[in-house]
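The same chain A turns up in both complexes below, where it pairs with chain B and then with chain C.
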Partner chain A sequence: MSGTTATESAGSARPARAAKPWDHRASATTGLLMAAPLLLGLALFVGYPLLRIFLDASSGGDLFGRYAHVLSDGVSQRALFATLRTSAVVVLVATVLGTALAWTLHVTERRWVRVVLWTVALVPFWLGVIVKNYSIYLMLSANGPVNSALRALGLADEPVNFLYTQTAIVVGIAYSLVPYAVLSLYSAFMHIDKELLHAAQALGASRVRALATVAFPLARGGVAASMALVFVLSIGFYVTPILLGGAQTPFMATQISQQIFNLYDYPGAAASAAVLLLIAVLVVGGVFALVGGRTVKAALR
Partner chain B sequence: MRAGRVLDRALRGLGVTVTVLAVLFVLAPVVLTVVLSFANDPGISFPPESWGTDRWTDLVTSEKWLTALGLSVRLGVCSALLTLLVSVLALLAIHRSRLRFGELLEGVSLITLIIPVSAYAVAMYAVFAQYELLGTFHGLVVAHAMLSVPLVMLVGGAALRGVPVELELVAITLGASRVRAWVGVTLRLALPALAGGFVMAFQHSFEEAVLINFIGGPGLVTLPKAIFDSVQFGSDPVITAIAAAIVLVSSTVVAVPLALARGAKR
Partner chain C sequence: MRRDPRTLRRVTTAAAVTSIGLVTACGGTPQPGSSGGGDQDVITVASWGGRFSEAMVTALAEPFTEETGIEVRVVDSPGNFVSQVQAQHEAGAVQWDIIDSAAASDAQYLYDQGLLLDHPAALRSTLETELGTDKLTEYSFTFANHAYVIACADERVERCPTTIEEFFDTEEFPGRRMMPGDASSYSQLITILGQATGNPVDAALPVDIETALDELRGIKDSVRVWWTSGDQMEQALQQGEADLGFMYSGRAFNLADTGLDVTVNWAGVYTPGHTALVADGPNQEGAARFLEWIAEHPEAQAEWSQLMNYSVPHPEALAALPAEEAERLSDWPANRELIAAQDVPWYLANKPEIDRGIQQTIQGG
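Showing the complex of A and B:
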């Protein structure tokens, strides 16, 4: 940290009375006391709960039985695969849209484009998942604008049933996660010097080649981190699958809610949650190992 | 060479198309919600057959929705204040004390950002039952505060890094105590970011719709939970007005502190 040099100069400015030079920073004890509320909160409401999931999933002497059930039982397997597949599609959709928005934000010289795109990127960020999903619900409902447009164009005679399908879930989750993709991708693109692209093109490369051989290698790590972030957030979605997919739709969130509120099977729900957590840890850990912690942390900004 | 140029043009066209599509994808549902809140049809249909403000008058006269709104606002303010208190103390400890492992603590505090939220809700359910916090207001305040801590740690941390420590040293040299230098110089300079952080924390609590289903119990119905329950069992048209109100308020009120926070961050 930058503290050491400032400390030394401050120390020499004021001659030390004791052996220990004066330090502008508060003592470690004071620091510990000030950090105590956060430490306590993290221990009681983050660390311990997460540990509890694993303890409860293996409670009653049944170490791995419930995990095996999550992975082998038909219903539960279907929920897990649906969650992973839907999330993979969400990652694709959010990354394509996010890349277009973030890259345009990075390279555009026009102020109004930047204002419009920042607004677009941030509006759904501030709305909350309920309002966002309700808007999507309105869009896709039987007499909503999408169906009206299809009918007006003569593409459908009867209302197409979009609600309560996996497509609706993909649209709903992607809609919520586009801002995360834009923000994390933007922070990855931010450090790419536009002059490098100009240089490549001046030396005869086509735009496609400049993007593929200059910009892409520089952005690769950030894109991977962004995709991991979107994936991890997507597998945990609770509101969207239930609202847009229906309470019976196969998804980890609906399964967990069933297990807790209908079957009163808390240990089973804990095992489902533990599987989700392990997948998240694997994905984030894998990307961490691939591109380094700095890039992952940058994606969170 | 020519093939390259055709490809270039195709790529540019594709880029513009996808960007325009993304803009439409994001804005259309929001605009639609606001438009439909002024429709008087009994069900949802677009284009609406009749216009009016029935849904808005229903909203402001409905006790159910106003109670939920009141609870959400109280919860948001309390949890945002708690978040700010906990995070600012921790940030000062990390950046202005000899506490070791500060960087690590800052990293660990971000963990709730990347936990799949339905897994976290299950975890909190068990722990809240054990702490006897299920269905209590103060329990929700703490839970929401823990969810918002990473936001304030990120924004506030960036702001604190931007305040030169020399300014504090000057204040201390001129006779200020350490606490006075922190409050009067550093925190004051970080104020725009902290205000932004407060709004972010409030908004994060105000929109929270997952944990509340697990730890809120039957008695505490926040606005998101009321909407969630209502849409699940046949939609109440009043929701359109609520959603539109949230859209309008958050896009105007939130834009200002957000701009402040971003300005402080750059």
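Showing the complex of A and C:
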């Protein structure tokens, strides 16, 4: 009887049927609905343009001719190789600097060191692209502080030509991409238990050997993913090659821009863009094949 | 009251779909003249942005609107006229009525593609009366005319070249040079090279392309900056990257006005802008009226010229300017005879070979 009474008294305050307990997991339909604007945006502004690039590149019945031109034409070839070479150097620079910063951030116990390093690593993120590149332009110009310092130290009589060179482009792009390297490397390093290194050293390994044989294999996937990320971002840079490289320094993005705006060759520009895109896909695919998708995923988790 | 979860889901779905629909509907670019009845009250002019567009609004568009009631929308599309007009035509939705001061080669290319209109008879007659035929093509009148001239930083250059041939003589006239490097300046660059080969100012083109490229190869090692924008050329001379070089005439005088000791020599290339009607524009009648109004108002042109330091086509506009300002303009008779004209049809006919040759030379090929 007491049970009936309890049910009746509850029934007077609540609906007859007990409410389903709140579940934080959304149903598939709700999830799809919530994601719909994003999916729509993705289809319209990413999927469709990408499809158009390939369709335009093969328009007019010329299925592969424009791709062949990108790879065989002297000007285009030079821009492509310069882009790949510059991006490879950027990867090296960003990985070395990023590794040093990210590893120090991982192992340091000092709070102020972390604050300083995070600030150094992330400042380029907060600066606008024009500000970043213009500040490097001023640094490297004939009357800039770098040349003034070289002259003051007696290392140069005449201004050294830093601007409008591949070196200037590498400096500009690497400065922009070091934060990406640091963030991706840090997320890979933070899963490495520092005690493992202590154990290796306790067992007789030198510091370098402990890093090379214990830390590196664990971070391999993350390092590879970071390098791929930096490379893929680097090959698409546009403002930096224009401002710091000038017209005399070939680069793929500026080449594409010229094809569109000055040579009126849209299908050709589409083919150049498609080649860059395919290279990016190949690099990412290659990294996954080399170190394994699981390793990359685990490192970045 | 307890809500039925299925009803809730239906309501949510409907709301989501409606909101997506609304976002899509509201997000589209409004097209001038697309709303019924608005066609004849608005015209759209594509201009170069920044001070250029502001001068268009202040000196030309606002007084025109005041007089006629036709609103002028100025949209910024610096250097993108060809790609934008082509895209609008391909989409079947032309939004622009006028392109403002397009580069000669861009305008000619668009006209050859059938994307610019021949002048209607009434407009043609007004333009010929007001501006004279030398400022006209079948589809455009020149506006924002300037020149590529030789500028030297006096502090770093002992003698500033006064002719193109002197500029190419790197032994007699030493110094770190700057030259146009952007593909949009190749028509001007080949005109400079034509003069460097020895062609006279009044017949700089045509030129044997390979001979012209040899001149470029000869001077390449002395060129420190191949500029791609007006800002870059000013900075290069100011920051000491270059000691002398070709500059837009207006930019060179701007530098002089900011206190840098600059010598400007009128040797180079006449560079007119071309203002024209876009084919299938939404308000062709209103646009033609605007061009007619500009042609008939030399005082408005003079005001525009003072704002921008560029030359304008009406002879009376030039006369209305103070002498010290008019003497800095490319249409000033004494200046005009020292600078060569481009040969745009010849350039367009040989564009692939010229562009490729120049690009290869500049990039070290």
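The working rule: the second predicted complex is superposed on the first by the 257 of 301 C-alpha atoms of A that agree within 3 Å, B and C clash if a C-alpha of one lies under 4 Å from a C-alpha of the other, contacts with A are read in each partner's own complex, and residues count from 1 in each chain.
One rule holds in what follows: contacts are C-beta pairs under 8 Å (C-beta built on N, C-alpha and C of every residue); 3 or more make two chains touch, one makes a residue touch a chain.
Please read these numbers as outputs of a predicted model, since none were measured by experiment.
Aligning the shared chain A places chain B and chain C in steric conflict. When the two structures are aligned on the shared chain, A:P250 is found in touch with chain C, with no touch to chain B. Partner contacting the larger number of chain A residues, of chain B and chain C: B. In the superposition on chain A, A:F237 makes contact with chain B only, while chain C stays out of contact range. Of the two partner chains placed by superposition, chain B and chain C are both touched by A:N143.
When the two structures are aligned on the shared chain, A:L263 is found in touch with chain C, with no touch to chain B.
When the two structures are aligned on the shared chain, A:T104 is found in touch with chain B, with no touch to chain C. Of the two partner chains, neither chain B nor chain C is touched by A:L153.
Looking at the shared chain after the overlay, A:P49 reaches chain B, while chain C stays out of its contact range.
In the superposition on chain A, no contact is made by A:A289 with either chain B or chain C. In the superposition on chain A, A:L203 contacts neither chain B nor chain C. Within chain A, the residues touching chain B in one complex and chain C in the other are 30, 33, 37, 137-138, 141, 143-144, 242, 247, 260, 266. Residues of chain C that touch chain A in their complex: 2, 9, 12-13, 16, 20, 23, 79-80, 82-83, 86, 109, 181-184, 186, 224-228, 232, 235, 239-241, 351, 355-356, 359-360, 362-365. Interface residues of chain A, counted against chain B in their complex, comprise 1-3, 6, 10, 23-28, 30-35, 37-39, 41-42, 44-46, 48-50, 52-53, 56, 96-98, 100-101, 103-104, 116-117, 120-124, 126-139, 141, 143-145, 148, 175, 178, 206-209, 211, 229, 232-233, 235-239, 242-243, 247, 252-253, 256-257, 260, 266, 269-270, 272-274, 276-277, 279-280, 284, 297, 300-301.
Contacts from chain A toward chain C in the complex involve residues 15, 19, 29-30, 33, 36-37, 40, 74-75, 78-79, 137-138, 141-144, 159, 161, 163-164, 242, 246-250, 258, 260-264, 266. Within the complex formed with chain A, the residues of chain B that make contact are 4-5, 7-8, 11-12, 15, 18-19, 21-23, 25-30, 32-33, 36, 43-47, 85-87, 89-90, 92-100, 102, 105, 107-127, 131, 142-143, 145-146, 149-150, 154, 158, 165-166, 168-169, 172, 178, 203, 206-210, 213-214, 224, 227-228, 231-232, 235, 239-240, 243, 246-247, 250-251, 254, 258.
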